[in-house]
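Each chain gets a letter, A, B, C and D, in the order it is written, and its residues are counted from 1.
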Amino acid sequence: MAVTEGTRRGNARIDIHASEIMAAAGARELHDGEVIVVGLGLPEIASVLARCTHAPRLTTLLEVGVMNPRPRDTPVGLVDSRSFYRATCWSGFLDVMGMNLHRGVVDAGFLGALELDQYGNINTTLVKNETGKVRYVNGSAGGNDVASLAKRVIVIMRHEKRKLPLAVAHITSPGFVGGHSRQELNLRGGGPNRLITDMAVLGFDPENHMLTVISLHPGVELEELKANTGFPLHVPEEIPATPLPTDEELRLLREEIDPAGTHLK
Amino acid sequence: MESKVKSVSEVVRSIPCGSHIALGGFAIARNLIAVVHELIRQQKTDLTVSQGVVGLDTDLLVGAGLVKHLVMGGGSLDRFGPVNCINRARENRSFSYEDYTSLSMCFRYLAGALGLSFIPIKSLLASEILERLETGAGSGNVKRSKCPFTGEEYVLLRALTPDVSFVHVHVADSEGNCQIHGARWENEEQAKAARRLIVMAEEIVPTEYIQRFPEKTIIPGHRVEAIIHQPFGAIPTCAFGCYDYDADHLRLYVQHSKTPEGFTDYLKDFVFGSRDHWDYLEKLGGIRRMAELKAERILGY
Amino acid sequence: MAVTEGTRRGNARIDIHASEIMAAAGARELHDGEVIVVGLGLPEIASVLARCTHAPRLTTLLEVGVMNPRPRDTPVGLVDSRSFYRATCWSGFLDVMGMNLHRGVVDAGFLGALELDQYGNINTTLVKNETGKVRYVNGSAGGNDVASLAKRVIVIMRHEKRKLPLAVAHITSPGFVGGHSRQELNLRGGGPNRLITDMAVLGFDPENHMLTVISLHPGVELEELKANTGFPLHVPEEIPATPLPTDEELRLLREEIDPAGTHLK
Amino acid sequence: MESKVKSVSEVVRSIPCGSHIALGGFAIARNLIAVVHELIRQQKTDLTVSQGVVGLDTDLLVGAGLVKHLVMGGGSLDRFGPVNCINRARENRSFSYEDYTSLSMCFRYLAGALGLSFIPIKSLLASEILERLETGAGSGNVKRSKCPFTGEEYVLLRALTPDVSFVHVHVADSEGNCQIHGARWENEEQAKAARRLIVMAEEIVPTEYIQRFPEKTIIPGHRVEAIIHQPFGAIPTCAFGCYDYDADHLRLYVQHSKTPEGFTDYLKDFVFGSRDHWDYLEKLGGIRRMAELKAERILGY
């Protein structure tokens, strides 16, 4: 992952990793008291960072039936026993995905993506190579459910041209399909709201529902961003820089949340 | 009274080829490994397999060529890698399949468990998952419709009622009253949707133990046809509170499953090459390895 | 309740209560390995007697979410804590009535009735007096669900003309409504199968679905039965006598199952 | 952070007249007595009340004339007698009501809890319960229809989503994570179907207690708006594992509720005549009586 320019802090010069900027940016998208469904990796790191800072009453749900886990060791998957530690509730899909997500009480869903297009449609099912040959991957699991039903969706992924094509190879989880509103698509959830990559933070235009740049991470040039995106990006007049993690956020990420650097390389 | 506690080979003999079996595993947790190995040894062919989120157990059955039709909501072996055999079979169209989502699979089992022949859902709409189901093998199981009260658009799902559900549980008494520790994904709905229910238990407990924590009884005994008592029955996948996953063996499996040849070698070494699950556990390092994987009391892994 | 003639057993002459004959008759309707939904009172007594004799693997469900309770003291209702003692499962309506009864795995439902008519329709909702004035009572609770969905229904009630009218004042729980088959009524359950009263055991004609006499309790005359029934009864050529409880059944009922005589007066 | 633990009077002040409130009691068990008494003291009128199987709590509200519409599946005070106020109101048509069954009420709440606007059921068919619903106050909530896959005839039920659900629980932590002991009837579905959820807990426990038995968490804290901490809050009805019902008081109540005059006297003596639930408990015999009713550890009553 790209490493940003070192920045001056007091007298020390510290290197801040893009993944740390992503985690901090993700955390800032979460508000205190919200209910979120998270996957593992950066989404979980971001939610823990939010809980440790401005959102102590954040509720995190894992689709398999775990609420508010406090992992001591880093899990390799949702059903890794490490994800169950000190949870306040163990139940199942029907409770988490049915009686919470489908019930409409989940504020935000935090998803990863294999491909994401200009309308925020997500593909996690298959990839087509140049010759058109199809290779299948994981599929939806809870991804389509979260994308269809959460009040808003936040996607975290690496910023590469092949991962951000004009149109995804397979719409596993719908965004604003064909530029249509969610009402037109008969979907209850609000749809994609943020895309956080290792180069920028992006959002969706309220009118045409297309991906637009919100902020560039320090050290990333606009041309570099465009060159790594498979479709024309809406770019505002002024593009602010994504705020860097604070010293406290960095301390939490490095010393408490992911000391082993499993997700924050 | 005939005992419900049976050997895995005895139970598997009672499964006709062509059956629809549902598996209670999820990715790398509580997979029905002992059952799946025996299904492969006894070469139970033309199976329809359903699972909420597929894992190693279904990947083994598909790799062994026993699966004619797969109904699933996605899946992988988490950080250890993809379900290579299933993905390869989809690429080669060597079987038919229906691709759903976690919740739509759970709702299909829920409808089956409640004796409802259909249930509405708000997932799937506007996705290519739905389009592929409507135009493919799932065409008879999904239907767009409106709520008669609100006019809201829904997808109606047909109930999923497996011929046999196999579910891994932590403890069961001799009547089949079962308790599961930790997250349960769609275990309860899948178990109660089935026409026949067979559980694989890590431990058999006296009914008095069940009566001490009756609120933990997820599956009542009268629904259970047979109980397979198999400690470490899910190895190399994990069982919360009992044992951790065997990371080394999972890596070895993913390495082998990358090619049909490698997978064939794996089957030869660990499935056909093992008389039974005990013999298989010996190949993984026997009691010493199992002692290493045994869960620590507080952490549960 | 009517007391039957004393009967000779060896040298002793013992009075057997009608309620004891009802309990024993009810127990004989249950087979080993069956799953039944029971209410309290005589149905529960009968199910316990069956379990203690020929049906050790009988599964008894209470609609509120209790399986196989072993009450030490007599409960006054389904949610009386006394009904929870030593159960093998505590859950709720959704599990017992949804995932078992509605799922179609309940072999028999044991119901009481305020009124029952010639087609086995049950009323537990209201009574009309001579002037036509309506008085409301308990209503359905799980009664309609059990009558609609159990494979067969067994009713236990007192044999009185006003409780066995030609047509019930309100069909709370359907039997063979209007003499129609259950298929014609779009009902999954098999419907009423037995009526056990303090005078006789009755069944339903497979052709016209009307109530027919199966056996008369010892000491009860056919004319007496007819006089206490609000509609014409089908009567076979030969009416056997209802078998009396065995000595062992009596011992169980009097010494172990209901020593206080709460339900067996 | 504002605490979720609030007094019953504070909570009841937040309930607008005309609300649809659901009560978690059943006949003579775990009734919301402290809540209902306060609703009566604060004269919250024109309520719609729903309850799976009605008990003392709803009978009190109806007797006090606060209920405009009742949605129920039947009910009584078991051996102690009928719900006289409710039955009288039905006879006098002094309110409107919808009469269902245990399972159809549970399914209506389940649909609400799952965010489904409708759900099918095979009960009710061929009964006068359904005819009365179709021709009466329930006409907009039931509809006969066929399964699109099997053609089987069903009754479709409209989801029931109360404005506020009040549920009695045994323990809750300060965030509202709740655990219930013993049978739970439709408590979970009713709680999760509501727009606002308020629980009345016998005991407040540290979150660490909840984390020790997370599989017993029937209601997660994030769904709970407020927690009323009221020991003996269900008296004279029983709470398994906490206390038995007060048979003497239930008999006294049924005696009074036989006539409107008697009921008025009861309200005067025990509800309006009590400052709060503690004062009411004193009238029932105070700490000495509660000690008699306190549950024995093994039996739970």
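We adopt the following convention: a contact is a pair of C-beta atoms (placed from the backbone, for glycine too) under 8 Å apart; a residue touches a chain by one contact, two chains touch by 3 or more.
Predicted, not measured: the structure shown is a model, and the values here were computed from it.
Of all chains, C has its CA centroid at the greatest distance from the CA centroid of chain A. Between the CA-based centres of chain B and chain C the separation comes to 41 Å, rounded to the whole angstrom.
The distance from the centre of chain C to the centre of chain D, with each centre set as the mean of the Cα atoms, comes to 29 Å. The geometric centre of chain A is 60 Å away from that of chain C, both derived from CA atoms. In chain A, 90-91, 98, 102, 149, 188 are the positions where the chain touches two or more neighbouring chains simultaneously. Each of the following residues of chain B touches two or more other chains: 115-116, 121-122, 152, 181-182, 215.
Chain pairs that touch one another, listed by label: A-B, A-D, B-C, B-D, C-D. Of all residues in chain A, those touching chain B in their complex are 62-66, 72-73, 76-85, 90-94, 97-98, 101-102, 124-125, 134-145, 148-149, 170-174, 177, 185-188.
The touching residues of chain D, when paired with chain A in their complex, are 1, 113-116, 173, 175, 177, 192, 207, 210-211, 214-215, 217, 220-223.
On chain C, the positions that touch chain B within their shared complex are 35, 56-57, 59, 67, 86-91, 98-100, 102-105, 149, 188. Across the complex, chain B is touched by residues 115-122, 140-141, 143, 145, 147-150, 152, 156, 158, 181-182, 215-216 of chain D. Taken together, the chain D residues at the contact with chain C in this complex read 26-30, 52-53, 72-76, 78-80, 82, 86-87, 90-91, 99-104, 106-107, 110, 121-129, 152-153, 181-189, 238, 240-241, 244-245, 295, 299-301.
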